[in-house]
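To start, I am sharing the structure in question, which I have written as C-alpha cells.
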Amino acid sequence: MQSEVMFAGFGGQGILMSGKVLAHAAMEEGHEVLWMPSYGPEMRGGTAYCLVMISDRLIGSPVVRNPSHLVAMNRPSLEKFAPLIKPAGVVLINSSLIAIDAGREDLDVIKIPVTAIAKELGNVRAANIVALGAFVERSKIVGFDTLRHCVHEEFVNKKNFLSLNMNALEEGKKAAEMLPKK
Amino acid sequence: MQSEVMFAGFGGQGILMSGKVLAHAAMEEGHEVLWMPSYGPEMRGGTAYCLVMISDRLIGSPVVRNPSHLVAMNRPSLEKFAPLIKPAGVVLINSSLIAIDAGREDLDVIKIPVTAIAKELGNVRAANIVALGAFVERSKIVGFDTLRHCVHEEFVNKKNFLSLNMNALEEGKKAAEMLPKK
Amino acid sequence: MALKHIIDVDRCKGCGLCVTICPKNVLEISDKVNTKGYFPVYQARAEDCIFCTKCCIMCPDVAITIVEENKQSAA
Amino acid sequence: MALKHIIDVDRCKGCGLCVTICPKNVLEISDKVNTKGYFPVYQARAEDCIFCTKCCIMCPDVAITIVEENKQSAA
Amino acid sequence: MGKKVLMKGNEAIGEAAIRAGCLNYFAYPITPQSEVAEYLSHRMPEVGGVFLQAESEVAVAYMIYGAAGAGARVFTTSSSPGISLMSEGLSYIAGAQLPAVFVNIVRGGPGLGGILPSQGDYFQATKGGGHGDYHLLVMAPESVQEAADMMMRAFPLAEKYRNPVIILGDGLIGQMMEPVEFHDHLRTDPVNNNHWATNGMQFRNSSKPNIVKSLFLDPDELNENNLILKAKYERMKKEDILFEPYNMDGPYQKLIVSYGTMSRVCKTAIDNLKVKGIEVGMIRPQTLFPFPETAVFEAAAKESCKAVISIELSMGQMVEDVQRCVQGLRPVHWYGECGGNVPTPEKVMDVVTSL
Amino acid sequence: MGKKVLMKGNEAIGEAAIRAGCLNYFAYPITPQSEVAEYLSHRMPEVGGVFLQAESEVAVAYMIYGAAGAGARVFTTSSSPGISLMSEGLSYIAGAQLPAVFVNIVRGGPGLGGILPSQGDYFQATKGGGHGDYHLLVMAPESVQEAADMMMRAFPLAEKYRNPVIILGDGLIGQMMEPVEFHDHLRTDPVNNNHWATNGMQFRNSSKPNIVKSLFLDPDELNENNLILKAKYERMKKEDILFEPYNMDGPYQKLIVSYGTMSRVCKTAIDNLKVKGIEVGMIRPQTLFPFPETAVFEAAAKESCKAVISIELSMGQMVEDVQRCVQGLRPVHWYGECGGNVPTPEKVMDVVTSL
Amino acid sequence: MGKTYQKPEALSDQHTHYCPGCTHGVIHRLIAEIIDELDIRGRCVGVAPVGCAVLAYNYFVFDFQEAAHGRAPAVATGIKRVRPDLFVFTYQGDGDLASIGMGEIIHAANRGEKFTSIFVNNAIYGMTGGQMAPTTMPGQHTTTSPFGRDVEDVGMPLKMAELLAALQTPAYITRQAVIKPKYIVKAKKAIKKAFTYQLEKRCFSFVELISTCPTNWAMTPNESVKWAEDTLLSYYELGEYKTPESLSGGANAK
Amino acid sequence: MGKTYQKPEALSDQHTHYCPGCTHGVIHRLIAEIIDELDIRGRCVGVAPVGCAVLAYNYFVFDFQEAAHGRAPAVATGIKRVRPDLFVFTYQGDGDLASIGMGEIIHAANRGEKFTSIFVNNAIYGMTGGQMAPTTMPGQHTTTSPFGRDVEDVGMPLKMAELLAALQTPAYITRQAVIKPKYIVKAKKAIKKAFTYQLEKRCFSFVELISTCPTNWAMTPNESVKWAEDTLLSYYELGEYKTPESLSGGANAK
C-alpha cells in the first residue's frame, strides 16, 4: 500500500514544514517515506507545494501524477491539484482563503478555516499545523500520538512556538472531529 | 621523390625564414611543399628549427625521423640533428660558430663561415641567407634563379635589407662553389 | 482638467511601500484578496490625494497610474 | 679576509646588465662562447672591483658570487 | 550505522562527506544544490572544518586543486553550468593526479536550461568535459541513502586512484527527503600523500620538494603521464564497477539499462509489468564510468532477451555506451525525456511493451 | 580559386574566415594558435572588421554569444584549455541556437599538458564538453588547404543549423606552412536572422522583440527546445557527413579509421604497405560529428576485411565510436600516442601488419 | 498642481515574478521610462543576468539577450563591437556582477566598451535563496553566513563603484538608490546620464543601485527600505564616483 | 669595505630557461633570499602561473604547485585555507593576474586571504610570444597590437596596485621595480615586508614588480631597462599603495 499527500499553498505558509512533519511521523511508524518539495525560482510569489509519499515497501518512482490526498492552503493550489487527486482522497480546503469548491463529488472534501483558527490562537503562521492536525484526524494516515510527538520534535528548539503549534495541532483535530463522518 | 631539409640554430638566427624561402622556391617550381617549425616555449634560449619537405606528389606524413639534409647554424643543432640525416645528405656547418665536425663519413659536409661572411657584408643577421645560398648551390634542390626570385620577394617590402640579403645569397653561392665537388 | 488616480488591483502585490510613502496618507491595504492572492492597496482617502505621483514613482509593479480625467472618459 | 669575485661562466647568458651597472666598469662581454652558446661576461679589470655586489644584485641568473677567499680555498 | 533520520539529499551529501572525514568544502551557490552549502556553512564550523563560498565555479575548481594538492581531503558540489565552468579545472586535477570529490546535481540543459531533474550531463561526466585524455570516476545514486553511501565511498576511491570522483544526482535526489542512516565516521587521514602533496617539506621530514603539476613539455613525459592515467582507468574497470541487477533472474524479454532517478521509475514499471506477467530485466549502473560493460553485454546475451533499451532523462547519451557494449547482438533502443518532466512508470511500461 | 600561396595553417584559417565573410573575431592568445590572432590583428582593420583580444576564454565565449546573437557572423580560435573554459558558453550558444565557428588547435592534455600535436579533445568536441544535450558540428582537416576549405564551409553550416561548428586541428595543422588556394569571397550576409537575432527592432521593421536565450523554466518548453536540437543533429547525420575513403577499392584486410594529422601518416603507411603488396583501407572522417557511421560499418562489413583499427593521437577516444558503428562485426583495435610524439609511418605499418 | 503618470511603452504588460516590494520592479520601470524618453527602443538591446532578473526579457518591449551568470558584460561587448549602432545595456545583480562576473565587468570598463551596466546591489543572492553576496554587510545573516558575515574570514563588502572608479579609462561611475522616491528621482537622472554618455559614444557607464530583497532579508518591504537606508547607505555612499570629464584615476589617482 | 654574495639555498642549481637579461631571474633570486632569511623553506609552497614562469617550480627548492592560467590565487586560497600553517605565495605575470585572473586576484585580496602575490608586470605576454597585455603601454607595439596599443579601442593600461588598493579589506599593496640594483634593493625590502605580514597572519599582501621582457620588446637587455625606467615607471608609479595600518579604502576612501 502506498499513499501520497500533496501540501500546497503560498510560499511562506509553512507548506514544506507540514509535509515534513507528516513524513517524519510516517517514518517513525516504520513506513517508507519520501518528501519532495517544489523548488527554485518559481517559488517567488507563486505556489509552493510538497508531496509526501508513504508506503509499506521501497518507494520506486518519486513521480506521481495522481496523489491520494490534498491539503490546499490557497485557491490557486486547489484549482491546480484538486482535479488530479485519486477518487475517495481526503481534500482539505483552507476555507479562510478559499471561497470555491473542489468541484468533484468523488472526494472526501473537508473545509476548515485553518487561517482563522490560527489567528485566534495568536499567530497566523500556525495555520499549516492546524491543517495538518485536521488532515491527519480525517485521513488517519498516521497515528495522532506519533504526530504529536513529531510536531513536538519540530518545535522543541523553537521554544516560542512550541505551545502555539501543539495547540494548533489539537485545534485542527477538533475542527475535523466536528465534521460529519463520511 | 621527396626530400627534407632541416634548418636549425638559435632563435633569432633567422632559421624559420630561410626554411620558408626555400619552401617558397620549391612551390614556385611546382613541387608539393610543407614547412614545419619548432614552436612554443622551448624556443626561449634553446634551439629553433624548421623542416622543409619537398616532394613530387602529395606529402603524407609530416613527421620525418631522418631528413635528407641539414643546415646547422650552431653547435647544439649540429649535435642534435647530424646523426639523423640520411646518408649522402648535404650538411652545412656554420663554421663561424661550430668548431666540431659532423662525425659521419657518409654525408656531404660543407663548412662555411656564414656568420663571418654576413658580418663582412655588414649585418650578422644575413647569415641565414648566406647559408641558404650555399646550401642550395650545393644541393641543387631548387634552381638558383627561382631562389633569387624568392629572396627578392621576401625582402622587397623591407627595403633596407633587400640588397644586403641579395648579396648574402650570392656570397653563399660563391662560398659553396669554391668548395671541392663531392 | 482633473486628474484621476487609478490602481490596477491585479498588478498590485500589496507590498505597502506606497502606503508608507504617500505624503497625504491616502492609501491603505485592502482586506480583499486579488486574483493573484495578494491584498491590494486602495485609496482609503481619495479626496486627500494631491496627485504628487510619489506612489507611482515608488511602486515596483507599475500598479498605479494617474491620468487626465477626460482622457479616461472613453474607458 | 680578502673577497673573491667569481663568475660562473656557464650560468652567464651574456645579457650585459652587470656590465652597465658596475660602478667601476670592471666587466666586459667575452668573445668566447660558453657551453650554452652565449658569450659570457668576465672581469676585464678585476683589480678595480670594489666588491659592491651590484653585479650580483643585478644578475638574473645568479652567475656571480662573491666569497671570502679562504672559504674558497678548499674548492 | 546510526539511527534513521529524515534528510534532504543535499544535506545528507554534506553530512556524509563529514562522516567520510572530509572537512574541507569550497563551493558556489546554484540551484538545485545550494542546500549543501547552506548545511555546511553551519556544520563545518561545528566540526572545525573549512567552509568557503568562492567567487565562482572556476575558482572553486582551483581551490579544490590547491587544497587537494596540499594533501587535504576536499570536495565541492555544483550543478550543470557550474560543472562546465570547472571543466578546465577537472582536467588539471586529473592531469595532476589529485584526489577530490565533485557532486553534480544535474539540471536541465543546455545553457541555462531549467532546474528540474535531468541526466543530460552523462556525456560530460563520463567522456570528460575538459580537454585531454582523462576520466572521472562517475557514480550515480538513486536515493538519498545511496547518495550518502556513495559519498562515503567516493573519498577512498578518489584517494585509491589519485583521481577525481564525481557523483551525478539531480534535483530529485538533492531536494527530496528520505530516511537515511549514516555509516560510522571514517576516522582516516588521507594516505601516502607525503609522496606527492605540497604539505611542506619540514612536516614530512624531507629535503625533496613535492611538485603538483600537469605540465609535461617533453612529449615522452606527457605520454608517460597519460599511460599512468590510462592504467588507472583500466584498473577501475577491473576493480570498481558497480551496478545493480533488477529482476534479472526470470526469463526477461526486454532489458532496461537505466540509472539514478530514472531507474526508480523503471523499477516501479518493472514491478507493475511483472504483475501483468511481463518480465523485464534491468541493469542499473551505479558507476557510469567505469561502465558495467560486461554486465550489460551478458545481460543482453541472455537467450530470452530480445531487445535492449536505454532509458534516460536525456536525448540519448548512455545509449551510445549501451550500443557499444551490446555489440550488435540485440537491437538497442532509446527512450528519454528532457527538460524536467520525469516519465511516469505508466509511460515506461508503454514504451517497453511496445518495443 | 586564386593563386597558391605558402601560408601557415593558423594564418590560412584567419584568411579563410575573412573570405567566408566573417569579419568579427574575438580571442585570447594560447599556443599553438596565437598566430590566428596575430594575423587578424592587422588583417581585420584592413577589411574593416572587428578584432578584439578578450580578457579570457570565458569572456570570448560570451562575446561570441553576444555577437552571434546580434546577427553577426563571428568566430574564435583557441586551444584545449581555452576550449574547456568555453564549455559553459558552448552549451549556452548551442542552447540558444546561435551560429558561430570555433577552432580548437588541440594540444596535449590533460591539464596544462604540452603544446605538441594531439587529438585528445575528440570526446570533448564530439560528445559535448559542456552540460546538457547538445552537439557541435565537428570537422577535422588534415592539411592547410583543407583547414581553409573547412573554415569556409563552417560558416554556412553554422548558419544552416543555427548551431556552433568546431574545427579540430593540432599544432601541425596550425604551425606548418603549405601552399593554399583560397576560394572566392563568399559575399553573403547571414540570412534569416531577422527572425531571431537581437539586431534592433527598428532595423528589421518589427515591433516584436527578439529574445536570445537558453532558459526554459517550463519543462515542456525545455523538452521542446531539446527536441528541436535533436532534430537538427539527426538532420546533420543525413545531410552533412563528410569523409574520405582511402585505398578502399582493393581487397583490404585491415581497415584504418583515422583523421587529421594522424591520417596523413596513415596514408603514407598505406602507400608503403601497398608497395609491399599489403592492402589496407582507410576511412578518414572529415566530420567527427556527425560521424560517418554507415561508412565505417559498411567498410568493416566488406568481406575481405578482417579487422578494424582506430589510430589516434589520444589514448583511445574515437575508437569508442568505431566500436559502436562496427557493432561487433569485426574486432576493433586501437593504436595511439599521446603527448606530442606523432607516430611515424613505419610505426603505423608495424602496428597494422601485426594485427 | 499634480502630475500624470503612465506605464512606459518600453515596459510590457506582463506582471513580474518579483516578490512584493522588490525594487527590481522600480529599476525596470526607470529604464523603460528613459528608453521611451530617449526614443531608442527600436535600437535597444538589453542583456539580462542570471539572478532574480533572469526573466527581465519578458518585461521589456525591445530586443534582449539572456547572458550566463556574470557574463553580461562580455555579451554586451560582443553585441556592441559588431553593432556599434545598437544601444546596449546590461542589468546585473551583485552575485552576478561583483562575484562571478568580476573579471568581465572590470575589463569591459577598462576597455571603455561603449555600453551601460546597471548594477542592482541588494547585498544578497536573491534568486538562489539568500546566500551571502560579496556586498553582504558585516554581520548580516544569510543562508551561507548563518552566524553573520565574518569580515575576518571573508573580508569587507565590495564597493564596486569605488573599485571601477580606480580604473584609468574614462568612464561614468555612479551609485544611487531606489528605495524611496527621493532617491528614485535621482537614480533616474543618473541612468539617463549614463545612457546619454553611451549615445554620445563617450564612455563606458555604470550605475550602481542600492536595492532591497525583502524575501531573503526576511523583512517586510517597508522594513527593508528602512534597513537599506540605515545600514546600506551608510556603507555604500551615494554619489558620482567618476565622470569622463574627471581626471583619469579620479580620487584614486596617485 | 665590500660584501659577499652567494646563491640562496632556496634556489636550485638548475639553469633557468629565461631569455638573457630577463628579470624573472632577479625576482626568483629575491624570493629565495628572503625565504632563506626568514627560514621558512620547510613550510613554503609556491604557486606557479602559466606564463614564462610556468617552470618556476624547477628553480626553487621547496614545494610548488603549478596553477592554471590566472588561477593561482584560487589555488593559493585552497592551500592556505586547509593548511594555514603553510607559507604560500603566488607568482604571476600580467597576462595571468591582470587579464584572465582578474576575478581570482580581486576576490582573494578582498577576502583577505593570508597569502602573498608577487605580480610580475612586464607589460606583455612573454610566454606566448609578445601579445598585448592589459598592462601594455599606450602606443606599444605587440604581436596583437601591431599598430600600437590604441587606448580608444582597448582602454588605458591597468594599474593593478591602485585597483587592489581600492578594496576595503586590510592589505599590503606595493609597487616596486627590478630593473636596476637601486630598485631591486627596495623591491627586496617590500617582498620581505609582504612575507612578514603573511607570517604574522595580518593580511593579504601584494607586490607588483615592474620587469622587462627583452625578447618580446625586441630590445637588448640594457635597452629594456632604459625603456622600462623611462616609460613604465612614469605610468606605473612606485610606492606603497596600502598597508594594513592605513585607513580602510586608503586614498580611495570616500
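Note that the chains take the letters A, B, C, D, E, F, G and H in the order they are written out, and that residue 1 is the start of every chain.
What we mean here is this: a contact is a pair of C-beta atoms (placed from the backbone, for glycine too) under 8 Å apart; a residue touches a chain by one contact, two chains touch by 3 or more.
Since we're looking at a predicted model, the values are computed, not measured.
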Subunit C to subunit H, fewest steps along touching chains
2
Greatest separation from subunit F - chain, by CA centre
C
Of F-G and B-D, whichever chain pair has more C-beta contact pairs:
F-G
Mean-CA-position distance for subunit C and subunit B (Å)
86
Just the number, please: Cα centre separation of subunit C and subunit G in whole Å.
27
Quick check: how many Å separate the C-alpha centres of subunit B and subunit H?
41
Inter-chain centre distance, subunit D versus subunit E - centres from mean C-alpha coordinates, in Å
59
Contacts with 2+ other chains: residues of subunit F:
31, 52, 55-56, 58, 81, 88, 92, 96, 111-112, 115-116, 213-215, 217
Touching at least two other chains at once: which residues of subunit C meet that condition?
13, 36
So which stretches of subunit H touch two or more other chains?
18-20, 54, 66, 68, 99-100, 102-103, 107, 127, 134, 154
Which residues of subunit A touch subunit C in their complex?
10, 45, 74-76, 97
In the complex, subunit H residues that touch subunit E:
41-45, 47-48, 54-55, 57, 60-68, 71, 74-83, 85-86, 103-104, 107
Within the complex, which stretch of subunit G touches subunit E?
50, 54, 66, 68-70, 95, 99-100, 102, 125, 127-129, 131-132, 134, 143-147, 154
Contact footprint of subunit G on subunit E as seen in their complex
28-31, 34, 37-38, 41-42, 45, 52-53, 55-57, 81, 111-112
Per the contact definition, I'd like the list of subunit E residues that touch subunit F in the complex.
58, 80-81, 83-85, 87-88, 91-96, 106, 108-116, 118, 120-121, 123-124, 127-134, 213-227, 229-230, 314-317, 320, 323-324, 327-329, 337-341
